[in-house]
Each structure stands twice: as C-alpha cells, then as structure tokens.
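These are the structures in question, set out in turn.
Both complexes below contain subunit A, partnered by subunit B and then by subunit C.
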Partner chain A sequence: MTTHASMDDPRVTLDEQLGSFEPIPPYPPRTEREHEFYTVADGEMLVNIGPHHPSTHGVLRVVMKLDGERVVDIDPVLGYLHRGVEKLCENADFHHTISYMDPLEYVSSLFCEWPAVMAYEKLLDIKVPRRAEYIRVLTGELNRISSHLLAMGFHALDLGGITPILYSFIERDEMVEMLASITGQRMLFNYFRIGGVNGDLNHEFMSRLGDWMGRATAQVEANQGLLNENEVFVRRNRGVGTIDSQTALKMCWTGPNLRATGVPFDIRRAHPYSVYPELDFDIPTRSEGDSLARYLLRIDEIKQSLRIIDQCLHQMPDGPVMAQVPRLMRPRPGRAFATVEGPRGQYSIYAVSDGTDQPFRFRIHDPSFLHLQSFTLLMPGQLLADWMTINASLDPIMGGIDK
Partner chain B sequence: MTVMSRAWGRLTLPGKVIFTAIPLLLALGVALALVVGILGGPIVELASQYGAVLRFLVAATIILVITIPTAFLIIFMEMKIIAFMNLRVGPDRVGPWGTLLSVVHGLKVLMKEDFTPSRADPLIFTLAPVVVYGSSVMTLVVLPFAPGLFAQDFNIGLLYFFAMGGLAVVGLLMAGWSSFNKYSLLGGLRSAAQMVSYEIPLTLSVAGLLLLAGTMSVNQLVANQSGWFTNWYVFQQPLGFLIFFIAVTAEANRTPFDLTEADSEIVAGFATEYSGMRFGFFFFAEYVNVFIVSAMTVALFFGGWNAPFPFPALAILLDPGSLGIWLLLGIAIVPLVGTLVLSLPFLLTRSAMPAWQAIVLGFVLFNVAVVGLLGVWAFVSFDWVAGLLWFLAKTYVFVFTFVWMRATLPRVRIDQLMGFAWKWLMPAALLNLFVTAGAILVVGR
Partner chain C sequence: MDAALKRRLEARFGEGLQGPVRQRHDETEIRIAPAQVPDVLRTLHDDPDFHFQLLADLAGVDTGTAMQVVYHLWSTTTSDWLRVIADGLPREDPRVPSITFLWRGAEWMEREAYDMFGIIFEGNRDLRRIYMPADYTSFPLRKDFYLPDDAARSPGGGVRHMEQPQAPLAPGKTLVRRTRA
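And now, the complex of A and B:
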C-alpha cells in the first residue's frame, strides 16, 4: 500500500530516492523520432503541458523542448480521452451508433451525426424528405455558429482576455437553448435519424430563432469588436503559426484552417450534399494563413451561416420529416462513404456492412487530428506563449481526436 | 461551541497564532488608548524624549494592519467590477452584496495545509513570500496619506520607493527557483526579466518631474501641487505620466503585463507550488501593490491629498465646555426631539405602519443625520480628514482603472513586452527628460 509522505510531517523521514520527478519520457524511446526528441542538449529543457492544463482544450498533452522561452521541438501526446468509439459502433446496431457520434466533437455534435446517417442512407438506399434535409441544414448551421463562437471566445481566453468568452456564451447559450427546444438536449443532441430527423420544428424553436435572427449580426459584430480592434490581441496573432497553402494541403488540412491559407475548398460546394446546391452562399477565404486569418475567417463564416439560415427559413417546404424506414435494418452487404463540411473541416464516416444489423467496420475521420499533427511544423522557433495562440486558432477538440 | 472548536482544530499553527494575536493586539491597543487618555500628560512627556522612534513604530504597525482591509477591498472590487463588465452577477452570497467574500477567502487560506514539495528548498521556499510581502509593505512607508499622516518623510523618498519596489523581484526569483517546478522557474525568470527592464523607464519617467520639483521627498512633491488642479504635475508632464503608468502596471504584474503568473501558459508561474498562507502572502502582496502604485501615481501626478480646487478653510471649532448646563440639556433633549421630528412624516402619512416602527425609523434617520453632520464637520475643520478622503478617492479611481484593464486586455507576449520597454518606453522617457530640461533652461521652473 502506498502512503503519501509530506515534508511537513515530522514523523516521516523522506528517502531522497522516493518520488523521482523526471516525468518525461515514461518509457524508453521506441522510435528514432522519440530518441531524437527526448535527447536534451545543453541549455534545453523539456516542459510538460497537459493533460491537465487550462489551455489544452481538453486532455491533450504536449511535451515541449524549450531553450529559454523559445520552443525547439514539440511532441503532442494523444490518447488520454480514447474510448474506442469505432469498436463500440461495430458492436451496436445502426440506430445505436448515432448516439455514440455525439460526444466525439462535443461542441458540434450534429456534424458528427450527419455523415453517419448519410452513410447509412447510402447503404439502405433511403431517400430523405426535403423538409428533413432543410431542417438538417438549418440546425447544422446554427450548430456551426455556436461552435465558432466558442472557438473565438476560448481563443481570447487562452491569450489572457477573460471577457470575450462570456460575451460569446451569451449568443451560444441562446442557440443551445434553441436546439434544446427541438432536440431535448443542450449539447449531445442525438437528433438526426436514418431517413430524417427526430422531430419537426416547433413553436418554441421558431419564436426563439426569429427573436435571435433579428439581432444576430449586430450582436456578433459588437462582441468581436472587443478583440478585432484590440492592438494586443491582433499583435499576438498576426504572423503567428503561418502556413502556406501547399503545405496545408500536404498536411491534409480542411475547413476554415485551410481556407485561411487561400484555398477555397468547401465540401458543401466541392462535393455537394443535402440541399446545399439550392442555397446561395459564398466561401470566404483569406490569403495570410496565420492565426489572425483563421480567427477572422470564422467571423466571415458566421455571416455566411446566417445567410444560409435565412434562406432555409424562406425555402422550407412542407411535408414529413422522416422517410418510411424498417424498424430492423439489415442493409445489403457493401460499403459507403459520407462526408460533410463541419466547423473544423471535413467530417467523414466510412461504414462497411456485411448484411447484419451492425456495421462490420466503422471508420471515423476527424479533421482536428490532422490539424494537430501540424504542431511539429508550426511551433519550432516560436515562443512558449505562441503555442496557446496556435492551438486556439487551429481549434482542435480532443473528443474527436482521441475517439 | 462544537463548531467553534472544530474550526479551531482545523487551523494550522500560524493560523492559531494569528487568531490569538488579533484579539490580544486589539485589547492591548484599547488598554494603551485608555492609559494614554487617563495618564495623558506624564506619558506624553516621557514619549516626547523618544518621539521619533515611537511615532515610527506606531505608524509602521498601522501600515501593516491597514494592508489587510485594503487588500480585501481591492479583491472584492476586482471580483465585482469584472463580474459586471462580464455581464455576470459576481459574488452575492457572503455578507451584503458579497462584500465579505474576500474575508472568507482570507480565512480559507489560513485553514489550508501549508505544503512544501519534497524536492523544494524549504528555507528559500518559506522566505520568498515574506520578501515579496515585506517589500510591498515597506514601500507604503513613504506614502503621504494626508497632511501630517505619513509614516516617514525621507528626503530621498522616491528613490526609496523604487528601491523597495525592486526588491520584490528577488522574492519572486526565490519562489521560482526553490519550488522545483519548471513552470515556477519560467515564471521567476520572466518576472526577473520584466521587472529589471521596466525599472529603467519607470525611474527615467519621473526624472523630468524631479527636475521640475527639485526635491525627492514625496511629501514635498505633493505639497508643491496645492491650489487649483492645474498645478498637478500631470499637466506639465503628460508623457511622463503615461510612461510611469505603463511601467508601474508592469511592475505590479497586472494585465496586460501579468506574464509572471500567466495562467493559460505557465499555470500560476512562481506561485504554482504554493498553498495556504504562503500563497496568501503572494496574493495579498499583488493587491497591496495595486493600491501602492495607484497611490504613488496620485501622489506624483494628481496632487496627492490636495483638493482639485483651493478649499475654503472653515475651521468650526467646537468648545463644548462653554455651553455649561445647556450641554447636558442638549444631550438629553436633542435626540428625543430629533427622533420625533424625523418620525413625524411616517406617523402622519403611513397609516398602515405601526407607531413603534415609525419611531425606530426616525431614530435610525436621526443617527444617520448625526453621523453625516459629524463627517461634514470633520471634513471641513480637519485638514487630514479632507486630505485622506481626496487621496483615497483619487487612488481608487486608478485602482478601478487597473481592474478595468484586467477585464479588457489580453496578455502580451514576452518579446513584445521587452521590445516595448526598450524600444518605445525608454526612448520616450529620455525624450521627456530632454524636453523638460530644455524647457527649464529656457523658461525657468
């Protein structure tokens, strides 16, 4: 049995060997890269940030090799939130897997459900009613806005500004309440179904949405004025974590992070799905590719999302919100791949069916994982405090990365 | 009683000592006051021989004691004001409007375990908070709160202020080094780099002011600014004031220069491994520092205890002895009449209110009126009361500014911080000194 000894306890004589505080690495190096990283030169030190740290957006652990304040090398360590979601899904029937999707990226749950139901609909040859598609787009864009607002608030919080996160949460809370009024949940919605959605729009949702849409644009702009015109904030972000479009494409970046380097790649336009071809919206891009561009691009995306919501409300057809689907689903043997554009990039599901009521293989593709691996490119040569900027601007969510 | 004894059992040794010492000191103070009051004459005779020493001891004790409520007040202000700026409610449970929450924080810190990490250097680890807190309290010695209300007036008072302020960096370095923690080490090194760099523009920014004033005694500097508010040095040294205020923000480790305890980067910086009252000392020192730098800004640039306009001297001297028998009658009758008169409106108009409630209300109003009148009388007839009020009012405007900045601004990066000090503040301070010297040569003082 282990007992805890304290220096303040006079009855305990401490063995000097007890508790050796050399936490890194906990194992002998397994690869050449690990050997290179954990060999510390003179004047360098390894600093462990996370898994419990205020600005790691979950339970990410990064080991930094520091020379003074300057980062020489960086090693992200994953797996602290691994739950084996893919394996869980392979042992659940098709309806069941949708609720496993929600906690993946817990701030944008609908975008994790969406590719899963799209993949199953392809396997089962189900035609989704148009009203259901419109409702999916409407709720999805609301979720995108709330996710972007959260990212922008935490961006400021990581740089030491304590107020913007609370201003962001005013808007986000309104949207979360809106979604809760049709889905019944504030964060893990479990709303999309194979062949439609769980419930039609109701009065509370519509009245809240109408109330909010009247002031949304002005409110979001007013809140962001605290940061966009803040010299300290802008200088902390400009030119930090710059990446060019070619490298970003090679590193498989997608979403706002890729568009901030000038590549107008958006799955809603490049590989259209749902009713996006019928909607009119732009794909905002920026050419700088630094943290400030990534931050500002999210504001532009919020404005486009507001446009889409407006059109959805005007074009929404009448009709059912669920297709006729069998209670017990046994799709034909085959495979399906579905992908959507989420607030962080490309979310995809690759599902293989062997004719039973459970997926034979279930593969989840998450954009944050690919953004996270670029730390090793972006960080060397930057300062310790820049890691918070870069991490916040890439906006990874650990739930999706560790799966 | 069991609650009390249980609470007592949970106190650490320093907590027990402090809790025992506070009532003892209070009793001692009351006894001293009584003795001085009764045996006034002979004791004053005796004290006058050791007058300077005695005065300094009393003043130092008072200063040490007032840091505690000052820190409590500023902590509460910070919690509440930032809450309002964030559109939150803030503390509202303990005491009226949550005013006692910071007191509860203080008690909580006393009750926590005073933990030392096993690999830490225990002696330096223990001494570091003492050095930090001591240095900030020692700067209070030269602050003139009101005419005649100061601990010690040095002819090099300003130099002493900078020297003692610079001592804090030693304590922060000690804390950072002895904690055996890499975050602490980074925080300590950051604080050393930051404070040493900002000492230079800080000292240079007041050099122009010293040329104008020709003295380094803070008391004399404040006295120079009497009369209309146009005499305040901020109107002659606007650039100097700006540089001083920025540099002093960095010296006090406040946002946007709070890199030493950047919570999103190095967790809590030098204070990461501290808990209990040792952490409390760091915490207190930070808020006492906010008060000190605000007070110094006011003393140097905003006229200290001077009113913004020449205040008419209305010395209303009360001589109760001359009233004779009327004094006794007044004491007997005025409260009765006052209470009745003030309760009349309630008695006449509020038919639903019972008479006793109206009379109690009238009594409360009478007391408020008497205290208010006494306050006005003290303000008008005593220099130091008016001076203290002006001084505190101006100081808390700056305390509010610090809190406001904390709610608004993110944190700068370490290279931006150093670059700002060496590339902008120092040349600007030198320019300010140069222009001031030239102006004095041409125009005269």
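And now, the complex of A and C:
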C-alpha cells in the first residue's frame, strides 16, 4: 500500500489518496434500509454526487442507484455543514442565540431569527410594540421576495440558463442594500431583538423602498417572462417530481412546496402571528404538485408579498420599536413553541427554559430538512438530470438542513 | 388558549394522561408514557374531533434525569399548537415506538433525535446517524456531553482542545491515520 505525507500535518502519513468515493461504505449496513440501498442488483450502479457540486445548493452529498440513466433509488448523506447550532445555543445566553440563527438559512436570515425571538417573548410574556411588529413583517416580506427571486434564478441556473440569475440578483441586490441600510449587514442581518427590532426605519431605507416599489411588479414580470415561456425550461419541469397532497402531508411538507400540491396551508393564516391578521393577502395554491407548479407558486407569492409590503407602509403606526426588556433575562421555567412561515415553509423553535439565562433546550425545526427527505419518493423512475430540477424546485438550503 | 380542546382531551384520554392538561399562550400540552405514543397519536390523527393532520415538529429532550420526545401537532379544529410530551424515558436505554406509520416524514426527525440523544425509535426502518459520521460514538445534545469551551459557566470551561499546541513526536515515530475503517 502506498502512503504519503498529509499536507495538513507533516507528522501524519495517509495510507490512501483522500477525496475518492467508495460506493459501498466500509462498515456493515446499520439498518434494513441501508442494506437495501447498498445491495446493487445486476445492471445497476451507484453514483455519487457532491458534496461539492454546484447544483447541491450548499454541501449536500447524494448517492444514487442508477439503472442506465434512470434513478432506482437515492440516499442523501447529510452532515457536511453540521455545526451543532442547537448545542451552541444551549451554551449561550438568550440574546446571543439570535446571532447563531442567521447563518442557518442564509438567504432568508430574518425568518430564522423570527421564531427564536417569538419563542423567547412567549417565555418572558413580553408584548412587542405594534410598530416593531409591522417592521418585522415589512422586512420579513422583503426577505421573502429576495429569497424567492434567488430560488427562481438558481432553478434556471441548475438547468443551464445563466441569464435569469443575473436578473434575479439585480432585484435581490436592491433589497439587500435596503435591509443593509437599517441592519448594517447585507446577508446575516441580526436585526430582530427580544421585544422588538434593533432600529427604526430610516430615510435611506424608505427612499430606496419607495423607489423600488414603483418598478417592482414590472421587474418581476419581466424576469418571469424569461422563464415562463421558455420551452426548454417548461418541458424540463412539467410533470417532474410530482407528489400528491396526501403524500406531501404525510411527509410533513409545508410552505410553497405543499401549497403547490393544492393544500392552502400557510402559517400566516393557519396559525396567525404578529400582525398578519390585519393584513389582506391571498394564499396562492396550485394543484399539479410538480416542479413547474413549485416554481410558478413562488412567483405568485412574490406578488402577494408586494401587496403586504404596500399595506405595511400604509398602516404602520408610530411608536417605539423595542419593549422595555432587561439586559439579563431569566425566564421562569417553561416551554414555548413559536413558528413562522418562511420562504421554504414552517420554521419553528421549541425553547425550554430552566430559569437560568441560557435556554435549556433549543430545538430548531427546518422545513428544507423534510423536503429533502422526500427525494426517496420523488426520484425513482426519473432521469439522473432531473435530480437538478427537483432539487432546485424544492429550494433546500443546506445551512438550515445541517444546522 | 383553547379551553374546548382541553375539555376534549380530558374527556377522550382521561386518566391515561400523566398530569393535567396545561395551557399557556397558544399552546396546549399533554404528557403521556412512552408506550402510549402510537395509540394517542393515532387517535389524535384519525379522530374527527381532533384531526391533527400535520406533524409540526418532533424533538428529543434530555432533562438531565430522563429523556423526553416532544411532538407538536397542528389541526384545523383548534387554534392551539398541541404539544405531546412522551416523558420519562430512562437515560440508559431510551426507547419509544416510532410514529413513521402515521407520518412517514417523521423518519428523518427520528433519525436526528437518535443521532443527537441516542433515543431508539422502535419501528423506524432507517434509524442510523444523520449528521454525525457513522463511526461516531457519543450523543452530542445529551446534557453530559460538555461543550469544550471557555464560556462562562460551561462545565468544560477552560478547555480549548482545538487550540492546544501539538507535542513534537519522538524521533523516528510517525502517526498513521487510516482513512478506511
């Protein structure tokens, strides 16, 4: 056997070249399912994709069992981005955990902070000022639009179209700059606080937003014209990765992916929070349940988010943006569960307090984790190249999945 | 708070519950024994009075003395989240029946709870680690797994194993790291 010195530590020698893929794991199968997956029949083969593949939306590795070009079975392997955020949060104080939440779903950070602060507000019985709630909804919907635009762009990029992502980034950049003017950050905002938000809206934000709102609808429609009537795009998406509503509910799907199967489940209406009961918007649904429906549903949601932003600007009351909150928090022992409707679905936090200034248990629930799980249902029978379509249409973010 | 849900739960499950039905904010909470999980959740899922068709979350909890599995459910019949706590799993051998027969999507959440807490979900056909590598032996979210850090009151305070200098090896010795088990 040949050995070579490690490039990290010269004292270590390695007995084989790293980075190669061994199709069969070097340990005996741990479960019935693993045994079934790694038993390769005649004519089948295992193919590894990732973890560093551009279409994996992060560092996801999947092993596929192929028969020719048809997928027989698929086994996603997670953990390449696992940081142990739950453990870190259980060792940090309540204010500190909010900044750990941002990098989870890094394209929609505000929706990670939101359930955490909501859970703490429940534990502490804090009433959030109405202006702060409106600001949360306003910034949250902006973040939802920017996330959906990115999903649209990357969906096209994964299918080989470069242009839509550039157009998406024009709009996203404007929104990110807007949010940066009030939060100070372009991506990981760390803006929500227990009892309110970090700062009030300022002139730069309002002028940029007013400027953008005037052309937003036209821009979004121009962008979707690139794809909606593109024959290659439509034919690669229609009928691919179809799931029916009952199966989607059994697989614990939420968000746009569930609504694309025809279930009008949106936590903003199903279990209202913040000031959503005062706002007027529709819940778009589609009945097809395929990749194209999931893509088109996101465009419909962008239009509803624009409506919500418009109403927020008109209805926003004056007043403080932070409640009176102590710096050192010791909530009474108790449990709280808070949920928001993020761009990918139900994002929720289960926080347990034991009376100290650190959460005793901090459970993060990420919707993409459950959508990714359904590959085993969606992929069999599809072509290998359809995996990119299905993955992009489910819009997973590995930062949230791997925690 | 949905007082009607509390009455319905008490009428349906009665003394099968461990402790009273608790309500706070928009959450209703019941505690059951681990062995009751399939029956209670099947009733909550199928009974038209409850019809909890969405499993919102499944979490493991280590209280330091016992393990819990916490289910959050959503239904159109109530405005509350229902929290079902399967309480009192022994820390040495925590076992609870799987609910993948009701929600197949619980499979990965149970894998995660197994990976982080070592809770065995009997009936889950794919109960292997999901985040940690296959040869990992600890359960990181248990309370006796200390985070090596110099954070204020961490029991592992002062230990920064990542930053400890490497001792030089004796001449002629080399470390061999095997990449294949």
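Criterion: the second predicted complex is superposed on the first by the 378 of 403 C-alpha atoms of A that agree within 3 Å, B and C clash if a C-alpha of one lies under 4 Å from a C-alpha of the other, contacts with A are read in each partner's own complex, and residues count from 1 in each chain.
The rule is simple: a residue touches a chain if its C-beta (ideal position, glycine included) is under 8 Å from a C-beta of that chain, and two chains touch if they have at least 3 such contacts.
As the structure is a computational prediction, the values presented were derived from the model and not from experiment.
Contact with neither subunit B nor subunit C is seen for A:K303 once the two complexes are overlaid on the shared chain. Using the contact criterion defined above for the overlaid structures, shared-chain residue A:R269 touches neither subunit B nor subunit C, since it reaches no partner. In the superposed model, A:V352 lies in contact with subunit C only, and not with subunit B. Of the two partner chains placed around the shared chain by superposition, neither subunit B nor subunit C is touched by A:H95.
Residue contacts after overlaying the shared chain place A:R363 against subunit C, while subunit B stays out of touching range.
By the touch criterion defined above, A:L226 reaches subunit B but does not reach subunit C. Once chain A of one complex is fitted onto chain A of the other, the partner contacts of A:R235 are limited to subunit B, with no touch recorded for subunit C.
For subunit A, the partner that touches more of its residues is C, with subunit B and subunit C as the two candidates. Subunit A uses residues 6, 14, 18 to touch subunit B in one structure and subunit C in the other.
On subunit B, the positions that touch subunit A within their shared complex are 82, 85-88, 113-120, 122, 180, 182-183, 186, 190, 255-256, 258-259, 262-267, 406-416. Chain contact summary for the complex, subunit A toward subunit B: residues 5-8, 14, 18-19, 21, 45, 47-48, 53-55, 69, 156-163, 166-167, 170, 226, 230, 232-233, 235-236, 383-386, 388. Touching subunit C in their complex are the following residues of subunit A: 3, 6, 9, 11-16, 18, 22, 25-27, 30-34, 78-79, 82, 84, 86-88, 90-92, 122, 249-254, 265, 270-271, 334-337, 339, 346, 348, 350, 352, 361, 363, 365, 369-370, 373-374, 402-403. For subunit C in complex with subunit A, the touching residues are 24-27, 29, 53-57, 59, 61-62, 70, 72, 74, 76, 79, 81, 83, 102-109, 112, 116, 125-135, 140-141, 145, 147, 149, 151, 154, 166, 169, 174-181.
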